[in-house]
Amino acid sequence: MRVTVWNEGVHEQVDAAIAERYPAGIHGAIAEGLTALLPNASIRTATLDTDAEHGLSQDVLDDTDVLLWWGHIAHDKVSDAVVERVHQRVLAGMGLIVLHSAHFSKIFIRLMGTTCSLAWRNEGERELVWTVKPSHPITRGIEHPIVIDHQEMYGELFDVPDPDDLVFISSFAGGEVFRSGMTFTRGAGKVFYFSPGDQDYPVYFHPQVRQVLANAVEWAVPAHGVALPGVTNPPREWFAT
Amino acid sequence: MRVTVWNEGVHEQVDAAIAERYPAGIHGAIAEGLTALLPNASIRTATLDTDAEHGLSQDVLDDTDVLLWWGHIAHDKVSDAVVERVHQRVLAGMGLIVLHSAHFSKIFIRLMGTTCSLAWRNEGERELVWTVKPSHPITRGIEHPIVIDHQEMYGELFDVPDPDDLVFISSFAGGEVFRSGMTFTRGAGKVFYFSPGDQDYPVYFHPQVRQVLANAVEWAVPAHGVALPGVTNPPREWFAT
Amino acid sequence: MRVTVWNEGVHEQVDAAIAERYPAGIHGAIAEGLTALLPNASIRTATLDTDAEHGLSQDVLDDTDVLLWWGHIAHDKVSDAVVERVHQRVLAGMGLIVLHSAHFSKIFIRLMGTTCSLAWRNEGERELVWTVKPSHPITRGIEHPIVIDHQEMYGELFDVPDPDDLVFISSFAGGEVFRSGMTFTRGAGKVFYFSPGDQDYPVYFHPQVRQVLANAVEWAVPAHGVALPGVTNPPREWFAT
Amino acid sequence: MRVTVWNEGVHEQVDAAIAERYPAGIHGAIAEGLTALLPNASIRTATLDTDAEHGLSQDVLDDTDVLLWWGHIAHDKVSDAVVERVHQRVLAGMGLIVLHSAHFSKIFIRLMGTTCSLAWRNEGERELVWTVKPSHPITRGIEHPIVIDHQEMYGELFDVPDPDDLVFISSFAGGEVFRSGMTFTRGAGKVFYFSPGDQDYPVYFHPQVRQVLANAVEWAVPAHGVALPGVTNPPREWFAT
């Protein structure tokens, strides 16, 4: 299981409070959680500044089963070529886990085909994350609800297509609700969107949030060898034994 | 459009406060709302005591396009023969709208195949009903959110199969969430479950709740003439022109 | 109900057999069918060559409730600005009906987020279109199966996201199957993909295909006034009554 | 991984040709395939005649993670008490794999809530099983299509609720199609219906059919410890940390 944790990594450079909260970066906090829970996984991190390709060269993607993506204030800094490459790799089977404000990342918008807009309010409200599909492997070991004492509010309408599976619904102290854990299939690739997690709160240190992410990585591993769906023009009876 | 509003009608007989709140019965309040919003519909009501068949004879069902069902403390008083008859009629195409505590009605449990259990708390909390599928015709003219000042809390996990469409999600003052508006298909019939509505609160007089119910009735009208799906044993090329 | 039928309109100009088969163009054949079945609808047509905006100016789109789209050999001739405009309008609520080879149109690929690839073989095989969701309004009056004597084969894997509703599945004489009628929601807009229909066969004169398209137009009309989902940043209790 | 393969086991007793085709019974053939592909699983079999409880005592069910079910001519011989027990166990999380003619088993009808009727024709037609969701773990290692030279035809309309995931669609030589591999969730339990497999054909010796069943068993293992969803009446802030 080869995992790449990607983070734009900008907040940590420009905001001391965030740098203090996430001393190894948001990617570092996420990778730390995965390392503890998935001891057999090979986990690397990359950021916007890793190299000219944001650490997401074709070689890296070819060596990645599941990619996690966090971004917020630098979505437009991500090169279109890299987004195209990630897109093709997801359609070919690579798992993708889209985190919090990455709802507005280029890759997520391209995969969804919608605006991906939502309501938000950053007042540190309590978020409760309720499981609504307990048969789903992403819920393994997850409390009902997860209690996150302080979080940015994300509220409906979240403009995305209907998910394959709605796994979690959150409520916030102010009364808004949000479909906070959803799975999608695009091509041969599995996609999981999970909203808890923000630069202003230490959410990626929360043990239950870490468990969800580890579960999601295991779930998102490709079912097959990776291959892009393509056009074929078969003769009649091509499949005959 | 021929509509039958069914209510067990027991609370109104044994609790003076409820009788005062719903002087024409819960069924009467619902029918009044539908009559105002669907002037071309033919609307009748029936209760457990209407007759030996609870007002749901085969003739009545054959003359019904959409049935609304409210029950709470007398689910087990509904005769199995009537439940069977309603079940067959839904599978043949009759629309069914299942209201609030009717999550535990015999007909709903039979259609769902699950326990239909949930969490509840009756402390008159504010319920907010959020639209999460604005393309759905049931949301026409509905505010986001509907605000219901006092309601019984219904919370997840609501043990039902995944719906065809998740239309509404509610939050309650205490922080719980609930999938409060869901559509299902069973056989040729359309089913809508809508949780707002309780004997202890005047929810069925709420203009927005009434609008949802009227929209749901229009949506649930059978697409075709009504016929039960059945087994066939066709020869090859039976469909040839 | 304001309907715009769009066709690239290139085959008819360069292939005499096709021009003879569709003397009013593919768009003309479709519009003729809709006009007969939806006498109260206002129906217009447009093609790639109608004007610099392919007949899809903002004014035309603002005056369109449902857009039908046919294309095949000129997908790349459609201007990106027009595609962007159509995309925004769909997300805001305009219905979109995507026909046959338009699975590879820019607008459909953008809405789906996948390759939209499939298998094909053009040998005039018989196609049988089977209804698998008879409760859906698009199936009203539709035979089970629709028999199309000669058609291009489209086969799985059709690389699109899971639909909201799978309405039709086709088989072909050669044994392939195809999910030939599927609904999707994108933003506030309803999308229906329907595969029967090809320049080499007179499929758009088939009475049952025409009925499906008329049903789909009625189904795809926006539920509300048209408005693009957007970001909001509401204060707490903004919804309080 | 504890697996129980259940078969009514009647055909094998009364029809010499079937007994010869399936010398260890249909259950034996299925168990043999699972044993080869899931060497770490503990696999037992049971039939209608195993004991008064058809080999499905509470102890056996409590010791079963995934149950496979085959039945055809003796559905009504299965005791209602056993069906109730299996139902409760599925809702609590036990996986259930429903095979071929068990579409009319009491347990499947109860879980679906519909008639589960379909079209059929027993003329040994070729069945092609096409994968339409290649991201699903049940498709791991499965050819596209699976070719089954001789099978009973099962055709649409198959009257079941919309599945969680449509994994396979079959076509038959006569032109009919069938949703032949579908997943459902009921309570905490995962259910997979798979239609290939019949007493008159040696389908359960087909290597690809065996692979599908092994994949399905792995997929259906409960995500959590097994517990029936139940009603709760929590006080406010019961979840507070």
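Chains here go by letter, A, B, C and D, matching the order in which they are written, and residues are numbered from 1 within each.
Here is the rule we go by: a contact is a pair of C-beta atoms (placed from the backbone, for glycine too) under 8 Å apart; a residue touches a chain by one contact, two chains touch by 3 or more.
A quick note: this is a predicted structure, and the numbers were derived from the prediction, not measured.
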Report summary line: Shared touching partners of chain A and chain C are B, D
Query - Farthest-lying chain, centroid of Cα atoms versus that of chain B - result: A
Query raised in the report: For chain A and chain D, what's the span in angstrom between their mean Cα positions?
Result: 33
Query - Cα-centroid distance, chain A relative to chain B, in whole angstrom - result: 37
Report summary line: Where chain A touches two or more other chains simultaneously, the residues are 128, 133-134, 145, 155, 157, 162, 164-165, 175, 185, 187, 229, 239
**Report entry** chain D residues touching chain B - in the complex, by the definition given at the top
**Finding:** 91, 110-115, 117-121, 123, 155, 157, 159, 161-162, 164, 174-175, 184-187, 228-237, 239
Query - Interfacial residue positions of chain D with respect to chain A in the complex - result: 93, 128, 133-137, 139-141, 145, 147, 149, 164-165, 185, 187-190, 222-224, 229, 239-241
**Report entry** chain D residues touching chain C - in the complex, by the definition given at the top
**Finding:** 126, 128, 130-134, 144-145, 155-158, 162, 165-166, 169-171, 173, 175-177, 179
